[in-house]
Every structure is written in C-alpha cells, then in structure tokens.
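Order as written gives the chain letters A, B, C and D; numbering starts at 1 within each chain.
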Amino acid sequence: MSEELVEKILSGKVKLHEVENWTANDSNAATAIRRAYVERKYGKQLGHVALNCIDWDDAISRNIENPIGATQVPLGCAGELTVKGEYANGSYPILLATTEGRLVAGISRGLTVFNAAGGVNTAIAKDGMTRDVLVRTAGAKEAVRLARWVEKNIAFLSEAFGRTTKHGRLVEVRPYLAGRDVHLRFRATTGAAMGMNMVTIAAKAAVDAALPQLEKEGIRAIVLSESGNMCSDKKPAIINMLEGRGVSVVADATLPRKTVLERFRVEPEMIAELNRIKCLQGSALAGSHGFNAHVANMLAAMYLAHGQDLAQIVEGSQALTDAAVIDGNLYVSCWLPTLEVGTFGGGTKRETQQEALRLLGLYGDKDPDGKTRLAFAEIVAAVCLVGEINLLAVQAAGELSRSHGSIKRG
Amino acid sequence: MSEELVEKILSGKVKLHEVENWTANDSNAATAIRRAYVERKYGKQLGHVALNCIDWDDAISRNIENPIGATQVPLGCAGELTVKGEYANGSYPILLATTEGRLVAGISRGLTVFNAAGGVNTAIAKDGMTRDVLVRTAGAKEAVRLARWVEKNIAFLSEAFGRTTKHGRLVEVRPYLAGRDVHLRFRATTGAAMGMNMVTIAAKAAVDAALPQLEKEGIRAIVLSESGNMCSDKKPAIINMLEGRGVSVVADATLPRKTVLERFRVEPEMIAELNRIKCLQGSALAGSHGFNAHVANMLAAMYLAHGQDLAQIVEGSQALTDAAVIDGNLYVSCWLPTLEVGTFGGGTKRETQQEALRLLGLYGDKDPDGKTRLAFAEIVAAVCLVGEINLLAVQAAGELSRSHGSIKRG
Amino acid sequence: MSEELVEKILSGKVKLHEVENWTANDSNAATAIRRAYVERKYGKQLGHVALNCIDWDDAISRNIENPIGATQVPLGCAGELTVKGEYANGSYPILLATTEGRLVAGISRGLTVFNAAGGVNTAIAKDGMTRDVLVRTAGAKEAVRLARWVEKNIAFLSEAFGRTTKHGRLVEVRPYLAGRDVHLRFRATTGAAMGMNMVTIAAKAAVDAALPQLEKEGIRAIVLSESGNMCSDKKPAIINMLEGRGVSVVADATLPRKTVLERFRVEPEMIAELNRIKCLQGSALAGSHGFNAHVANMLAAMYLAHGQDLAQIVEGSQALTDAAVIDGNLYVSCWLPTLEVGTFGGGTKRETQQEALRLLGLYGDKDPDGKTRLAFAEIVAAVCLVGEINLLAVQAAGELSRSHGSIKRG
Amino acid sequence: MSEELVEKILSGKVKLHEVENWTANDSNAATAIRRAYVERKYGKQLGHVALNCIDWDDAISRNIENPIGATQVPLGCAGELTVKGEYANGSYPILLATTEGRLVAGISRGLTVFNAAGGVNTAIAKDGMTRDVLVRTAGAKEAVRLARWVEKNIAFLSEAFGRTTKHGRLVEVRPYLAGRDVHLRFRATTGAAMGMNMVTIAAKAAVDAALPQLEKEGIRAIVLSESGNMCSDKKPAIINMLEGRGVSVVADATLPRKTVLERFRVEPEMIAELNRIKCLQGSALAGSHGFNAHVANMLAAMYLAHGQDLAQIVEGSQALTDAAVIDGNLYVSCWLPTLEVGTFGGGTKRETQQEALRLLGLYGDKDPDGKTRLAFAEIVAAVCLVGEINLLAVQAAGELSRSHGSIKRG
C-alpha cells in the first residue's frame, strides 16, 4: 500500500499533510511514506533521517507537521557543575548538543575551574513570559486615557486573563504609546511551561474583556494584532534587556587568583581587561546589545539538548558578562535577562530532550509552580558564565597576556 | 571491560575525555561507555539518546567532545519552493527541523501561495565572513595612522591573509577606532564553508605580518584579541545589518491580489498595514533591530536541518520584512543581511544534515567557489520570506481584518 | 583700575574666576574686564559679545562662570498655534531661536495648515525626571535581594527622598541589575523646574538612608556613582524611549484631505508613504532610535528661545512620527517620550528667555505644581508635530509625488 | 508708519513675513515692527529681546525668517587649552555659551589639569558630510544591480556631484538595501562649511544624472526622497558611529598620576573604574549609544558659542570616552565620530558667533580646503575630553573613592 500511496503523492492526488488519512492516522507509517516520497521524487537517500526514536503519533500532535524523520545532533557531557541557586542547588550533569568542535571541551575545562572555586551562585531577578497586544484608539488623547485605565484596572485584567489558563498568572501590564496606538505588554508567570502560547491566548482574552469596559468610559479601541512586536519574541530588542522576558537570572563566582593562574594560565587582570575592551567596548562600538563573548553558543547547545525553542536564543544572547579583579581574585558574573525556558510542553516532551531534563531531575510534568523551570534557568545561566569565562581566559592567555595589553612608544 | 571502565570514571580515575584512551580510540565504544557512566551516576535512563546513527569516530574529530549519544529533533517536509535566484534556480524541497507545532504547516501553506505566484526572487547583495582583530597602539595619533596604513595596504594584507587558507579570499579590511585601540574588521569569501575559523586564522596571520611593517613606519601596535566583538559573531549588532556578515540576501515576490484574497483570505492592505505597525513601528519602539515577524523561526528550523551553526540565528534574525500594495497586488520582500551559512565543514558533515543538503543538491564537498553556499543562502532567504508573509497573513486575517484597522470616535 | 586688572590677569596674578574679588563682587564690571583681557591677549575684538542685556550678578549665581558677554541668536516668530491639550489650551505665539534658514518659514507654513484643521491635540502620558544611583553589593544574590528590598520599600525611599526637596515627589524607583551592581532609577515629579539637580540630590539622600536599613537585613551595599548612566541624561538611550524622562507627550491631528491638497500640494498618501520608508524604515536600517524627520530642529529652536538645557535635545530627538490616511484624510501624530523641560530655574531666568516664557504666559515662578511646565511640554510637542509634517510634505511634494512612488519594470 | 503697520498685522491684512514689503525691505525696521506686533497682541514686553546687535538684513538672507529680536545666552571663558592636533596646534581660548551653572567652572579646572600634562592630542580619522538619497527600483534583483552599478561608477557619480558645487568633493557612495529600495549614502568633503545643503543638492544631482545611465542598462529607478534617514541627520543612529559624519576625531592624553592625585584628588584607578561601570556598562544596559558622561554639554556650549547647528548635538553625543591606568598614570581618550561643524556659512556669520571663531583664528571665510573646520573639530574634541574627565574625576572623588569600589560581605 505504501508504494501506491507514494505514487499518489507524486501525482499530486494526496498532499503531504493528508497521508495520515490513508494510514488510519498512523503517523509512524505516514512518516515513512512521506520520506519514501521525498526520496523518490528527488532521487536521494534519507537513510539516516529514517533512523529515529520519535513517537510520531505524539510528535505530530504538538511538535511537527509532515514529518519524514529526524535530525540528529551529537550530544556531549561536559561534566557536572555545582550550582548554588534559589531553585537549583547541587551538582548537575551538563549535556550539550552541538556540532561546534571544542565547545564541550571548553566548557568541560571551565566546569572544573568553577567547581574548584566552589561552584556558581545564581539568583533570579524576575520571572514572567510577555506578550504585547496592540490596540488602536481614535487618537492621542484616547490612547493616553486607555493607558491610564489599564494601569488602574490590573485586577480586572488579571481576572480576565486567568479565565483562560490554569497555570498562567498575570504579573503586570505595561502600556507603551505610539501615537493613537497602544502596545499592552502583558507579563505572566507560566508554571513549568515556557508559556508563550498560554500568555498569547490569555492576554488577548483580557483585552477582549477590557474593550467593552473601556467603551463604557468613552474610550473606543480595537485590537490590531495579538502581537505588536514589543513582546519581543525572537528578535533582539532592548525592551527585553530592560524589562526581562522569561526568567531573568544573574550568575556569579569568585575565582581565587591561584586557581586562575594554575588552571587558566593567565592573570586575572588580563581576563578583566579583555572583557572590558571586547565585551563592553567592542560590543558598544558594533552597535551590539550582546555584551558578552559567546553566550549564544551555550544557549544553543543547552536549548537543543533540553527541548527549548531554538529561535529564542536570539533574545537570550542579549547578556552582560562582567569580570573584575577584587583583592587579586577574579570576580565574574553573567546577567541574563531573557531566558525563555520551559521544562514541560513544547519540545521537552520529545524522547531525547525529555531524557536530558529527567537526568537533571527537572522534567516539569508534576510542577504547577514552575520550580523546575526556574531551576533549569539557573543551570543554563551558570553554564553560560562558565563558557564565557573559559573563552575569555583562552583569548586572554594568548596575545593579550604576552603583551600585558600595554605598548610603549618607540 | 566497559563495566570496569565505567567504574573507573565513577571513581575519578578516568576522565570523560580520556575514555578513548581505553577503547583503542574507538569513539563509538567510548560514547556508549560514557553514556553508561552518566546513567549509572545519576540513576537515569538515556535509552533514546543511545539510539543514533552518528559515526562517532568522525564526529569527535570535528563536532563534539565527550559524546554520549544524540539529540533527535523531528524533521518535516513543508513541500517545495520555487526560487529564482542567482545561484538557486528551480524548485527545492523544504525540510525543517523543529518542535514548534504549526511552523511546518504554516510554511507549507505559504509555499503553495508563493509557488502559485511564480516563486520567490532572490539576489545576493554581498558575501563575506568577517572577523575583527583588535589591536592597540600607543595613542590616538598612532591609531589614526594605523587605520590609514591599513586602508592603503590592502594588497599586502590580502597576500598575508591568503597564505594560511586555500579557500579564503580577503575582500576588505575596515578599521574602527576606539581611542588608541583599533578594530580591524576583515571580510573574506570562504568557498563552501561558513568560514569563521578560516577567517580567524587568516586575519590574525595578516595582522601578525603587518605589525613589523607598521613598526618600520614608526607605528607600534600589539594584538589585544583575535576577536574584538565587532565581527560581530553570535551577538545582535547593527554593524552586521549595515555591513553584512556571511551572505547578504534579499528576497521578494509579488502576490496577485486574487491569490492573496483566495489563499490568505485577507486583503493585501491589511498585511501591509500590519507589517508597518508591527514589524516596523512595534520593533522600533521595542528598541529592536529585528524588523520582522519571526525570521528566527525559519532560520532555526532550516539551520538545524542542514547542519548550520545554531548560535548564528542570533544575527540572522536581524532582518527587515517589507509589504506594500502596488496596483492592488501585494509586493513583499525580506532583506537578510547576515546569513552565515556553509555547505561544507562544521555540522554539515553529520549524517542527517548531510542528507538534507544532498537532497537540495547543495552539499559543498566539491565546490571551492562556494556556489552551493550562496544557493543555500538564497533558499533560506526565500523560506524566510514565505514564513514571514504567511504569519502576517494569519494575524492580519484576524482582528485587524475585521476592523479594517480603523476606529471611529463614539 | 580695569586696565590694571587686565594686566594682572595677563600676568597670571589674577585668575579669570577671581576677577570678582577685585571688583567688589560686581560681576557686570568683572565681565567687562574679563572680556577686555581676552581681547588684549588674543588681539581680537569682541564688540558684539559685549553688547548684551544680561544681569551678570544674577547670571553668575546660577548660569555661568567667567562670563565675558553673550552669544546672540536670531529669534523669529512663526505665528501662533492652536493647542488643545490638558495643560496648554488655546492659541500660543511660537518663537524660535535659530540660525537655520527656512526653519521658521517652514513651521510658519505648517502652523497655518494645522490651525486651519483645528489645531493640535496633545496629551501627557507620563511625567517625571529620573536619576540612576549606582550601587554595588557583595554579589549577585545580594544584588537581587537589594532590588527586591527597593521594590518593597518605596514608601521608605519616598519619605527619605522628600526630605531634601520641597517640589520633588518620588514616583517610582526601578532597579536594574548588572551582576553585583544595581542601578536604581529614581523618577520624581519636580514642580515647575526641569529638576535634574533636585532629583540627583534627593535620590542620593534616599539611597544613603536606605543603606543602613539594608545592612540590618544583611545586605551590604555602597554607592558607586550618583549617576550610573541609566538615567539617561544627554545621551541617546532606549531606556528613555521606553520609560520616559521628563514629560512624555503625544500630539496628533487630522488634516482634511482638501487642506492637505491645497496647502501642502501633495496627496496624503505620499506623506504617509514617505514617513513609512524614511522615518520608520530608513531610521530602522540606520540603527537609529529617532523615528522622525527632524524633531531635533524644533527642539533646538524652542529650547534655546525658552531657556531650556540644549544638551537635552539629544534624548528629546528620540521621537516617533506617524502619518496614516484615514478615510482619505491625513492623520498625523508625534510621540515624544523625553521632553525634559522646565519653566522655572536653570536658563529660564535669563532675560530674553524669560520674556519668551512670559509671552506664553508660562513662566513658572508661581507654579509649585508644575502646570506651566506640562503646558510648555505640550506646546513643544505640538510644534514638533507641525514641523515634522511640514517637512515631510515638502519632501513628498517633490520626487515622490511626481512618481507616486511606483515604478514599473521596463 | 510702524504703528499703522502693527495694526495691519493685527487685523490680518499683512502677514508676518510680508512686513519687509512695507519697510522697503529694511529688515531692521521690520524686525522692530514684528516685535511691536507680538508685544501688542499678547500684552507682554520683549524689551530684552529687542536689545541686540544683529544685522537683520544679512540675517534674514540666511538664518531666520520673521525675526523679532534675539535670544541671549551667557558666554564664559574657561581659559585656554593646549591642543596638539593635525590642524589645531597651539593654545586656544575656550569660550562656552551656556546657562548650566558649573559647566564653565568644571571645564576651567579640567583645562589647567590637561595643560599641566602637556595638552590634548587630537587626530582626524575621517572627514565627510553625508546625505542618503533614497531610490526605488522594480524589485530585489534590480536593487542589487543598482547597488553594484553605483559601486562601479563612482567616477561618474563624482563628476556629476561636482557639477553643482565648488567646495564639495565626493568621497564615496555606499548603497544600503531595503527590499526593492536602495539608500545611497553620499559622503563628501565640504571646504569650510558644515555642508549639509551643499551635499544634499549635489547628491540629488548625481542621482538624477545616474538614472538615465541605469535605465540604459535596464535598471529603472526613481528617487523617493532626497533624504532617506540613513544620512543620518539630527537623529541618534549607529550608522554615524560606524561610518562617521562630518569630522571623526579622536582626542587623548596621559595625565601623570601625581597630577591626577593633586588636582583631581582621586586615584586614577577610580576614574578608570567609574568610566567602565558608568560610561560603558551603564550606557550598555540603558540601550544607549552614547558611551560617555556628558559630551553633549560640551558640544552644546561650544556649538552655540561658535555658530554651529545645535540640532547636531544629537549625533555628536554618540561619543566613546575611555580611561585606563597605564604604569600608574591615567590614559584618557574620547572618540567623537560625528562632529558636524563648519567655520563658514550657516550660523557662523552671525555677529557674536563670528567673533568667537575669529578669536580662535578659525573663521573660514578664506579657507576653501576646510582646514579651519578641521582645526575647530579638533578643538571641540579636545574640550569634550577635558569636560569628560573632569566630571568623571568629580564623581569618582565622591562615594566611589571613599569606598574604593569594593565591598566585603558582612
């Protein structure tokens, strides 16, 4: 039958997303058939794509359409990291999925250095997924009145918001003006889930409930878009650095001078200076809003391994790395205002990703309060700090160290 | 033996990266042993992580250290897309690796609409991977002199640059001042490879060759860092939007009014207005430099499926989507100044990723000129445009369309 | 005596700021002597600088040191403008001090068009001068705890803040993290004054009062700087666009199609399109955060004429101009989140500037509530809108209009 | 007659800009009459505005319309500054026009410190006023072709550019894409003038000349706007930081430790650390592109005193201040990529402003090569550096110094 079905797809009689109609809704079978079709049509083999462990009946209900197999990415273990946070507390195995050679090795080296110094401290400054519902009023005066109404009626909005979601809890709504239009940026905690869909639905419901109330007070408004880009999702944006999105985490540690000299083979002063001229000054001049060395690398490898939304590496990369010498020792920190992570829902259900989260003890299937999510964010932040300082140390141990950063006039 | 070896790792006698020493450099065996160690140590199963098709002996030489298995991500086929570019010309199967539900379905819908309109035009505006070598001089005057020297001695630098690389060809070096420090941003074409390492090595070599020349002219300088963050790699940065990094591609298409109305069920005017208030105005107010709806989603799914560096989604997301009504039809474009892609080297060698590239006919193993890389960049750009307009159409068909974006005073 | 004194200055025996010691604190005499010294020393005439109406005894106490005379800038009257705001209501004479030819003429033309359309609506979205006191804690965890303490103890901070100022009233304190450091951004209303000094002193006092409280709770902190640049004063900064600084005003108007066609000689659609591609798209691509045509021009001329701080044109220029066609008419708005103005104190006391404010009926010498300041901000915003649309109309009436912005393929 | 004329204006029979028609084109008389009208209409006195030294017949031809008098701003002499630049070489009297108390005093203190250290070095990295002519093509492919044509036909454009201007000389044209639209950023040197109008006219002429050539090659294009906001004039924009606009100057100096300790009463290390956490880190977190303390203050006072365009303080404020300790001494620099200044034309002709420029020996009436302009830019840059370091020293000598920036856990 499958051969026949492949023919039907080739001839255009059956569309790719209709294959399940012909396989009694067996997506595992349908996945194989679609793959066979692609192989036939383009005359290429997809033998490795075929080899996978994914339960397609489940995957198709939440993660993918028209599946034909899986992409496989190497998963390495960098070792374990001691994290001393509010939700993450202990030593955690650090798995990284990547194809960037030397990334796991570098972080592995970093882990031993930080563990030797007692681990990484983390603290959560803020929590809440955001969504910007964009509304239009009749003019500037009405826009201002609407903004004021919103600020005064947070209880009303909170109640309306809560009606569509069990785990989402509204934290605040901040209005931003644009002439007669107003961007209403909702922020809500979201249990164990990353929560973007949850917040989108609930925020829209809250605005829908508000519009008749506003009309009673003479303020007419309409919704222009469920997302007006001030959320700001999957785009780099200062608003996320300032206001946070997802979990805002800060990680720090003090590495004894001796440890730095022995393990990194470079003076703490060189790391601090490199961080200043590269991560602060260089980024400043580049018009960058990522004041770090390569946070995106750690995010990509951690996010992929643990089932996170990879496009959210974008805003996650807007992090600030600091390095300073205090009493001869090296104080380092990393401020990550935008870690949009989840330990339940989305890609976390997939087989390999779920195993990685369970290895951390942080799969969020029984965590309505989202403690696993916050713990995972702390671990991600700690790994970012380790990866940052390791790379800075490598670079500082090179040219900078040889010259001590100073030059004399001939 | 493997049980014994796991014990040795558990007791700390053998380190994770030393396992190959005990398996006669058999990384496939070592991968299983490391995984067994992790399972034992944390008392968790990694059965799915175990199931993989990766040749670890190869992977460990280029992509990963301490491997324990693989992460699997669902791969879907959205259909095929007609691309009319300079290097990509024809209909290409679009594979996307993602766990974001509805992404493949959305792009699949978009593909049919764009194909019906004749496909997507693409053109390459610029090509060249960049690296910023940061040097320090004795003071402001010397810094300016150094910058001038560089501008006049591009031939010298080019020759020195070329000595370390077969495929890299220097295009330009732009100096940026920061007091006494100077950021030298090298740009080079890189054959089929994404080329960052290639350019890093060659740029450093070129600067090393230049320093003695500079000293002869009385300009003393030292290298502070092989990367001064004005490259700018894996951080959002305006310099990349303005100067480009990797391949700078623009994609456009004109969708007939009838097509838009029938397929997207929304008037072209609504899509244009939504793009204006959301992707331009909303992003502007958010302090964002991603003037688009969700380009990062398409990049993440395309990059993952085809073995690209996921952290480079960050700068790739700095794209500009345009939508305008011309004679009743919908003109749409997407400008992507920073697609850092490769069709050879890095993650492209991995089994499933290579299959995806070969399916496009664009695996770059025999392409010293990088035509496959440029073709792949055009396809990525075309898919981004499709994904952008499809999402805008969905959102515009909602509230915006019902109200036509206008509101009257009570 | 003055000749003798000039000699003493020339010989270095008397310093420029010591001249008043020799003139019985008569600054008018001292000003003439200093000027004579400069003329003598450099052999140049300052005859025009000499001609001025400034009361130097007063000026030296608040505005200047070492005065030698005055700079004179032409002051023009563009006409009057009908403003329909919350605090400004009526028709106001618009004086502009500038040397930019055609600026007064252009605004003059714009005024007649807007008046014909009924004037400009304005509304105030937010009010409050800000100052960022930068504090350092012992580490990331303490920084987060400090931030939380601040959010919970706004009443305490408010009380301490109020002790140093009669007119300043604390509105909020927002903490922003940077590793172990915390930026505390104070916002306060400031009566009729622009209020930066007032807020600086009071914010520092509030933090000084807080530190012992924090220590009781085990949080040790020190002040690093009375201003940590997140205020953000006299630098372009997104934080001001998002959070506002000084007065945040929105101005709008609807210009009937007929009026636009007759007076501006261009179709409303052309103005809307030019605004989109220039003020939104062009600025976006330039990495600009001023989404307007030339707001800084109006600010410069209004600020100079009315005694404002000229350096604050910088952040004032971060404004968003919108233009859209609604039912054939032209809707226009200008959103100015950062108008740091005052009607009392600073430069407003100077003779000519005070006359300009009094002409508006808005000199703030008897206005503890700052209503004159808010009214002045509304007028400034209204003038900015007029100047914006007039320039866009001029440019749109040129090339854009001739081609209707469309081009056909050969 | 004047009384009668005032009545005519009051009754609307004569418009403000028509008064000269009734005074035989005597603008001095007309200025008095307009002022009388304003005084009558609003019942307020403008006695100080009346007192001025301006030649209105000249002023009205270049600087102002509808003049009614002048605004006067106190002008102080901060002392003199030793500048060791390429064009400015020697000791220059520093005049500042301001109403900000303590600004002149602060700079005055700074001058003595820098002079004691031998003065300020300056160097010019780049020169050229820019204007972005925005053109539209039929689509993405044509846009890329147009961009390539421009890059190859710089000689043609240069020739066409030069036909409209005697002093402007085209340096480069850089094309920036936006879908089918292309921003053509012209850069030209402009003699002694700031040159914006010159470049606007010439750039437009060059594009007009290019369009027929482009059409011959099958590339149809139209001009959308003479300015597409990528210039970028009077808006903060990263493009200006990266590419420069006007004169790009770097200033530096090394202050001996002893001098810093004695004069500033603070350790060099404190100044360096404050600069790092405030001007780099604080600005970074604020989403600012002004990495300095208060450059806008110096620009405002220098620009106003010397007849510059005040609105261009905006982009001028995008400067980078650096401070580092080298061998115990304090190395400081200020990088100002966007000093749009002129020594001829515009506001420099006005009486008091011209006197200030002549005092410097830099009035540009006989300087077709623009050497006076470049010298003035160097002096401005040097004053900015002095003002920056003086303020940082003041702030560092406060709290930061007392605590040495370090805090110990209780």
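Keep in mind that, in the parts below, a residue touches a chain if its C-beta (ideal position, glycine included) is under 8 Å from a C-beta of that chain, and two chains touch if they have at least 3 such contacts.
Note that this is a predicted model, so its numbers are computed, not measured.
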Which chain's C-alpha centroid is most distant from that of chain C? B
More contacts between chains, A-C or B-C: A-C
In angstrom, rounded to a whole number, how far apart do the mean CA points of chain A and chain C lie? 38
Within chain A, the set of residues that touch 2 or more other chains is 139, 176, 178, 238-239, 242, 281, 283, 285, 287, 289, 320, 322
Please give the residue numbers of chain A that touch chain C in the complex, ascending. 121-125, 139-141, 143-145, 147, 176-180, 238-239, 242-243, 248, 250-252, 254, 287, 320, 322, 331, 333-335, 337
Would you pull the chain A residues touching chain D in the complex into a rising list? 238, 241-242, 276, 280-281, 283-285, 287, 289, 291, 320, 322, 326-327, 406
